[in-house]
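Please go over the structures that come below.
After this come two complexes, each holding subunit A, first together with subunit B and then together with subunit C.
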Partner chain A sequence: MSLLRLEALSKRFGEHWALKEIDFDLEEGEIVGLVGPNGAGKTTLFNLITGRHKPSSGRVWFEGKDITFYRPHEIQRYGISRTFQSSRPFARMRVLENVVVGRIFSGKFHLFPHTEDTNMARQLLELVGLAHKEDALAGELTLSERRRLDLARALATEPKLLLLDEVVAGFSPLAVKQAAELVQRARERGVTLFIVDHFMSLSLTVSDRLLALDHGEKIAEGKPQEVMRNRKVIRAYLGTRHDDEAQSAER
Partner chain B sequence: MTREQPTSAPMKHLPLAHMVLLLGLAILLALPLLSGGNDYILQVFTHALLLAILALAWNILAISGSISLGHAAFFGVGAYTSGLLSLESGVSPWATIPLAGFAAAVIALGVWLFCRRLRGAYFALATLAFVEIPRVLTDNWDGLTRGSLGLVGLPGLPALRFGSHYFDIGASSVGSYYFVLVYGLLLLAIVTLILRSNLGLALQAIREEETAAASLGIQVQGYRLLALLLSASLSGITGACYAHLVRYIEPGMVYGLHFSATPVIFAICGGRFTIVGPALAALLLYPLDQFVFHPLLPAGHEFLYGAVIILAILFLPSGFWGQLRKGQFVSIKTGSIE
Partner chain C sequence: MWTTVLVSGITLGSFYTLVALGFALIFGVTHTFNLAHGELIVFAGYVAYWMWKTYGVSLLLTFPAAILATLVLCLILQRLFSRLREPMEMNSIVLSFGLAILLQNGMLFFFSGDYRLIRVPLLNQRIHLPGLSLSYGQFTLLTISLLVLALTYVLLHHTYLGKALRATIQDRESAALAGINVRGMGILAFAIGAVLIGLAGPLFGSIHYLYPTAGLQATLIAVTITIFAGVGQIRTLILGGWILGFAESCTVVLLGASWRELVSAIMLLTLLALRPHGILGREEQ
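Now for the complex of A and B:
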């Protein structure tokens, strides 16, 4: 049984098909990169998996359960967490509190924060390199720090599956390398990862497999190097060569 | 790492903040002596305390990001519920005041029914409009509420007896004042406990980023409703206390702008991301208005409130108490409440 199964998943916004009949299986322990040009439907796919949007048709299965129409917080409780393309920190709360929030509400509710909640939050801040900022307001962090805070907050929920939406967009090559290490460490903690990565700077190095979308359709899936050589993927990213034009006209 | 020494930026501001609070409390406790038996001073501060309590209750909802411009609905329904029940049945106000909280919560459910999908300014405007429903009903349902005549001769708060000690509340200004002060401190303790708990953490997270909060497992609508019910019922209880202290209410008064607008003004001025800020602002501004601006400008003394809002928004967007606490609200240091 795969951890996450997408079954003919479609989403229509008005007349526009953001996603068309996506079938995909994600196995436990994998790191899968979700790639594709702007508007390919990557974030929409994440929004369908996490319950933020409801699909027009199709099903989402997680550990054999149909979670298609569950609400976001319920899906989170089953073990799926995410980060957001535009980082969404709790700006007027402290960095440590941001992470504690992730820890507290994913599990059994208790009325006051336990010492172990804050200790775990501190460990995660250490992991993402923000330990020295725990008392800062989250709104005062830089872009890269915010993304790392997002990651720590999502990891605090102890997810089985973590969806990362453009965690390295705008990062320097060095920061991308550090992020790749973080992703590997997350996998070592037993987390399965699904990573949206427009420029493939992260997913090429860390992914076991890639899923490529274009205009809401699956155009390729498989080993990163194979997907990279796939004609449709190259065409989606780089446009059409002169001798390809006849083919693209058919589309 | 310096885990054992979790003293950092916010700690530096605590001693000053605590000193201000202790000084304020000392002044409030000694006020009947300081006022030299002047009833007017005590009455103004009694009312200021009630407004402070209302602001505290209002802020439970505001902490979750929902600004209400219609808390007079809960205050007024609470005042009328307890007033009518005690007047018609002769039951002690001590029994009817809790029912006022319940009635206000029922009204809050009505607000929720229509406004649960609204956020920000839309929610605020809807609550502003919603006040009119209980006001118009109270004003016109003469058979039940005695209409615009209001309720006259409400029973005052009966004396409390603890063993051989005997506290007369309704009979004197001093008694009323201390009753409201004790009630205020009790409510402050309750609100502090609520907002420093994980519930408070959830409410703040929802205010800051609802989508992210939901993605971390927070049941957003459940917590928003809970905040509304808590805030409304505490406001209703406060309205009931007001009714029995003043012993005369009418619709235009208890459903009026005074009780809808002042919590917002005090929260903006004192700091709506803090616990005590709104209450402190009430205790400073209302007496300032009554003792200084009212004698100077009998017709337009309330311009003070407009002026402080503009000044606060321009120069102290997190309120004076928020400025002092550097935005700190809930503090998690070692896993316990601060």
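Now for the complex of A and C:
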């Protein structure tokens, strides 16, 4: 049984098909990169998995359970967490508190703050390299610090599957390298990862497999090197102009 | 004379903060802009008045009944508001405007249009302390208001439920991603708001005449202070309450009591001119 199974998943906004009949299986322990040009439907796919949007048709299965129409916090409690493309911490809370919030409903509920939760939050801040910032207001962090905080917050809920949406967009090569190490460390904690990464700077180095989308359709899946050589993928990324000309010449 | 003004300003201001807190919390968590807030306070005041008048229950002992009655009413209202679609702020203003009129007429029917006051003679006696003198009424108002504000502060900042509420105020989607049931938090916010309203009502009825449309002033106060402070920030709410209370006390001394009700209206207009983003009480994301 795969951890996550997408079954003919489609999403239509008005006349526009954001996603069309996506079938995909994610196995436990994998790191899968979700790639494709702007507007390919990557974020929409994440929104469907996390319950933010409901699909027009199709099903989402998680550990053999149909979670298609569960509410976001329920899906979260079953073990799927995500980060947003634009980082969204609780801006008026301290960094440590931001992470602790993820612990509130993740285990046995306590009314008053629990030392174990605080300790775990500190460990996670250590992991992402923000330990020295625990008392800063989250709203005052830099972009790269916010993204690292996002990761710590997501891990605080102890997800089985973590969806990362453009975590390294705008990062320097060095920062991308550090992020890749973080992703590996998350996997070592037993987390399966699904990574949206438009420029593939992260997913090419860490992914076991890639899933490529274009205009809401699956155009390729498989080993990163194979997907990269796939003609449809190259065409999607480099534009279709030459190809169109070639096709019209053929006609 | 100025110590008197200061004492009365801080007393009134603390009470105003209590009046605003329920509104701010409900608005922050659920985006329900409840124009019937003042009517709910007057309703709780009437419940207390009725118990005091009919059964001779002392003011402090009317609180449980006032809280319970408001809680039931607020949870019914929560069901209504939760059916609204986005944009929540706009739709809830329209719905609650209608509800306010409905509540006013209901109260007119049950309690008539007469002016009622919970008169407790003891509250007019004065306590003399070195350098200042205040009435038992002011002392009670100040103590209860500050105590409730402090308890709410502890609840919001030092318990997990409070942290979940504040997280929901700051970003609902991120909150849901942290496993927080946003709808559940909405019900909780209405429940806590109802307790705060149930506490404010009897106090309101002991310092201000109760009549079916008396709630307008309380709504205005709640809206003004909330816009000044933004939601979910009790310390700033208190500051806003004190400024408003002090401004009213000064006005009463300098211009006379009849000008008092204008103060919050003018403060609201000034705030809207100076901080137009404050209407939503949230920072830009």
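Rule of thumb we're sticking to: the second predicted complex is superposed on the first by the 239 of 251 C-alpha atoms of A that agree within 3 Å, B and C clash if a C-alpha of one lies under 4 Å from a C-alpha of the other, contacts with A are read in each partner's own complex, and residues count from 1 in each chain.
Definition applied: contacts are C-beta pairs under 8 Å (C-beta built on N, C-alpha and C of every residue); 3 or more make two chains touch, one makes a residue touch a chain.
Keep in mind that what you see is a predicted model, and the values were worked out from it rather than measured.
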item	value
Subunit C versus subunit B on the shared subunit A, clash or fit after superposition	clash
Contacts of A:Arg82 with subunit B and subunit C, given as first, second, both or neither	both
Touching partner for A:Gly36 - first (subunit B), second (subunit C), both, neither	neither
Contacts of A:Gly216 with subunit B and subunit C, given as first, second, both or neither	neither
Subunit B versus subunit C as contact partner of A:Asn119, first or second or both or neither	first
Subunit B versus subunit C as contact partner of A:Ile104, first or second or both or neither	both
Which superposed partner A:Leu96 touches (first subunit B, second subunit C, both, neither)	first
First, second, both or neither for A:Pro55, with subunit B first and subunit C second	neither
Intersection of subunit A interface sets (partners subunit B, subunit C)	50, 52, 71-73, 76-77, 81-82, 84, 88-93, 97, 100-102, 104-106, 109-113, 153-154, 156-157
Contact set on subunit A toward subunit C in their complex	50, 52, 71-73, 76-77, 81-82, 84, 88-93, 97, 100-102, 104-106, 109-113, 139, 153-154, 156-157
Partner subunit A, residues of subunit C touching it in the complex	158-161, 163-164, 166-167, 170-171, 173-183, 232-233, 283, 285
Residues of subunit A defined as touching subunit B within the complex	50, 52, 71-73, 76-77, 81-82, 84, 88-94, 96-97, 100-102, 104-106, 109-119, 122, 126, 131, 135, 137, 153-154, 156-157
For the subunit B and subunit A complex, residues of the former touching the latter	1, 3, 8-10, 196-199, 201-202, 204-205, 207-209, 211-220, 273, 327-330, 332-337
